[in-house]
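Two complexes are shown next, each including subunit A; its partner changes from subunit B in the first to subunit C in the second.
Up next, the complex of A and B:
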């Protein structure tokens, strides 16, 4: 039982990290119907600025460098959202979804390249001031207890807070309601006086901040390097499972994918000679598409008969 | 055929709240949809824009509310003034802030939001004025008691009539001075159409909201409106007081379905129409 739970828990915690990335996709998709291919690049960009700013200021400021770098990175992500809205989205208003999607592919490559040009392309570290030693949980329940990575535990807590805040924001606030209105019907939202530009600015800012949190956690775990951008690819099966429009779906999808791939690797992997962790999630997503294309929590397409 | 506005009993003295002068609208840079439409709406009036499918009613309304750009349309000639101010270049948001709001054809409710949330989106421009918004919500529920019953249902699952009420109520939440109402009768049972028009009329009377209405249902529209314009392929071909229009022989024949001198075959009607060019 012990080893099983340990694999499960490890998987769930990794899943939370996938969820953090998937959240960014959901936010933008919900509010503008655009699949933002650049989310992975935003995660990388945010992580790079965080790592380099912290590294740069740490010798003089010590631990204070962390909150300062975090604030500056948040401001950078806001500026980025502003620039994307002004220079790309505003110009493409009223274009087809596929054109906006192509535009986000362009943004992806720009951010990947530009980020590494200004911040450098080595592997950098983000110091979250957490002990590198794993924690043992439930030592009195299981022999040896459960081995848990403190970074992942921290990520889980942060993701939980983030989701709670976003849920309240979407369901209870005026701007959140406007965001959902825009997601349902652009034109009608405009007709009642909701300015699209403002709404887009807000979602891209929020998605940028979520990318910063995700980038920080992934960066602290793996080191900040180009491969972080590829983590976004793992968010795709999460989205398919959870539904493109659901914030809780992104979280639960992440948990299922995270736990599923670890368990599959350990218990089924040997049948295939191992290494199924990398593609298991996609197969799961494919199977899901066949039976429930809107995902577990995606909004059903309402069609009146 | 034009009846002078004074003859039609419209107040000539006060300048109109809205006046559209000779506008031309082109979609996608090539498709000419409006070929010089002019109309004026007095403050507190109900004016109907009539005509068949594709005559340009919706386009006229959208060029006033500036929702045309979403569909890649553009006003290329003419001018639109509201309260003496040019409004052609304003965004829909700025227009709603000035009190001009459109209720779009086909309702366009936010399907995944509840009825009440739909109504609240109409108050977006009023920001955090909680008390005002709560009052307005009660007012909308007073006009549409049915919506109060359905307040927590997802709008996408409500009936066509309820959706039309939601759309009108949502517009009302913005505290408009003028509502551009596009085809409120679409797809609704005659009884319901009557009910909705009654409510629109009482909104006009009690709230002093000016209404510009686009309708295919000429019969109902002319009973509630005080003045009407008839559009045909992008031009105003006739205008006049509602009563006058209702008793006009051509309107009777083409729009009210009351053929005067016996029944003609459809082919004859088409020929007759082709020969006869109204106005220009």
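Up next, the complex of A and C:
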């Protein structure tokens, strides 16, 4: 029982890390109807900014380098959101969703290359001042205890806080309601006086800040390097499963995908020669898709004709 | 100006930039194509290797005026470690220069597999030093492949010999559990046949565990290792997969002293990100390790003191930088060997293949080249395109690598029959008539 629970717990915590990336996708889709393929690249770009700034400032500023680097990285992500809105989105208002999607693919390749050009392609560290030693739970109950990674535990706490903040933002604030209106119909929202450019700037800024949080957590765990951008691919099955418009869906989807793929790898993987977790996540998502095409928490769209 | 005009202007500028970036070909120069990767998931390992290669070619040009007076014209193409991009780079560069590229170093087993079929047609030798197909050392079938200094079967054999030596003999491995954590690609799968063979011979329990590209998801693998407690874990990773493995091992409390990496899992970018968690981790070497030798003094004097180096001087002498140097040295020595027969002019791929097959780098020559103490002599023949299969174990102490074993030599009594059988099967499949090697 102990090993099973350990894999389950490890999978759930890894799933939270997937959720952090998926949240960025959900935010932009929910508020603008754009599937932002560049979210993974934004996570990498944010993490690279944070890691390099912290590295450069740490020798002179010590621990103060962390808050300073964090602030500067947040400003960089805001500037990036501004640039994306001005140079790309503003030119494409009222275009089809697929055009906007293609534009985000362009942004992905630009950010991947540009980020590595200005910040470098090596493996960089983000120091969150957490102990690297694993935590062992229930050592009295299970021999050897249940192993938990402190970084993943921290990510779970941060994800919980983020979801609470975002839920309040979307449901209770004026800007949040305007974001939802824009998502439903750009033209209708514009016709009632909602400033589309301003709304897009806000939503891309928020998604950029979420990318920074996700990048910091992944970067602290793995080291900041190009592979972080590929972790975004793990957010896709999470979105399929949880729904593209639901913040809680991103969290629950992440937990199911994380736990499902780790359990499958350990208990079923050997039948296929191992290494199944990457594609198993998609199989799991597809299975859910067959029964709930809008995802577990996605909004069912009914259009009257 | 409208956005469209900006974009058109940008595209035109980019095209102009690309055309200007392509070096002008000079008639009397030796053209060499470099398939490297300075971007992407494997860049942390690709960059030092590429720097070492570039610096050695630059050194020959600056110090000696090239190879026997023939200047080297070196051009890089970034493959991103992707097989499709690697083949595209090869196709784009192979005919450049007066004679086309003299050889190609794919720095990827996947790209090597793809080029193995193209090389005989294009008559360009593929130098896969320490990687590629293990059976390609059989020059009677693989006339254009040169897996110099060591194949993956040799690497796995060297590690098994070391484990045997630690336990008081290979027979003492009976009943031991050995796990291979490998990159799920042609590269990572290469040592499996040898380890299965050795497991049969000595009675140890062998379990291969794949990790999918790029190797950042390993939690499930290491939770199984924590549960099964194997006696040894062999690591066949690349890029970020290596540091992730070592971090995960530290995370589940698996002793790093019981971990042994291949020579592509034994460089600074593999251990440094894991911090103190990497202390005690071991790797087999492709003869050389880290450190500076006489050749590095020349590199400093001719390049870095003149502000012409590819990287920071502090990074010169790291494991993968040194491997880049050795790659370039062996390739250019093959050209030099070919020039002795065909004359001091740019060599074709076919002439360089002759040079590779007759390559004999003696201890005295290593000293002249500044590689004394870094490498052992290498002698290639028609039947043996590997040339040497010796290595030592190196261990990371938290700050630096140091050699912690004597030299081992792979046991050809075990390897040779496997090489012959696999090469014969390849020849049959591809309708190749093996050449007679005297």
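The rule is short, and it goes like this: the second predicted complex is superposed on the first by the 299 of 305 C-alpha atoms of A that agree within 3 Å, B and C clash if a C-alpha of one lies under 4 Å from a C-alpha of the other, contacts with A are read in each partner's own complex, and residues count from 1 in each chain.
By definition in this document, a residue touches a chain if its C-beta (ideal position, glycine included) is under 8 Å from a C-beta of that chain, and two chains touch if they have at least 3 such contacts.
Treat the numbers as computed from the prediction; the structure is a model and nothing was measured.
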item: Which of subunit B and subunit C A:185 touches, first, second, both or neither; value: first
item: Touched partner set for A:222, first subunit B, second subunit C, both or neither; value: second
item: Which superposed partner A:193 touches (first subunit B, second subunit C, both, neither); value: first
item: Touched partner set for A:177, first subunit B, second subunit C, both or neither; value: first
item: Touch count on subunit A, higher of subunit B and subunit C; value: C
item: Contacts of A:262 with subunit B and subunit C, given as first, second, both or neither; value: second
item: Common interface residues of subunit A - those touching subunit B in one complex and subunit C in the other; value: none
item: Subunit A residues touching subunit B - in the complex, by the definition given at the top; value: 93-94, 174, 177-178, 180-181, 183-195, 299, 302, 304
item: Residue ranges of subunit A in contact with subunit C within the complex; value: 3, 6-7, 10-11, 14, 87, 91, 113, 116, 121-123, 125, 132, 134, 144, 147, 149, 222-223, 225-228, 230-231, 234, 261-262, 265-266, 269, 273-275, 277-278
item: Residues of subunit C that touch subunit A when the two form their complex; value: 3, 38-41, 43-44, 47, 184, 208-212, 214-217, 219-221, 223-224, 226-227, 239-240, 243-244, 247, 250-253, 269, 272-273, 275, 277
item: Subunit A-facing residues of subunit B, complex; value: 65, 67, 69-72, 91-93, 95-97, 101-104, 108-113, 117-118, 120-122, 124-125, 127-128, 154, 156-157, 160, 170-171, 174
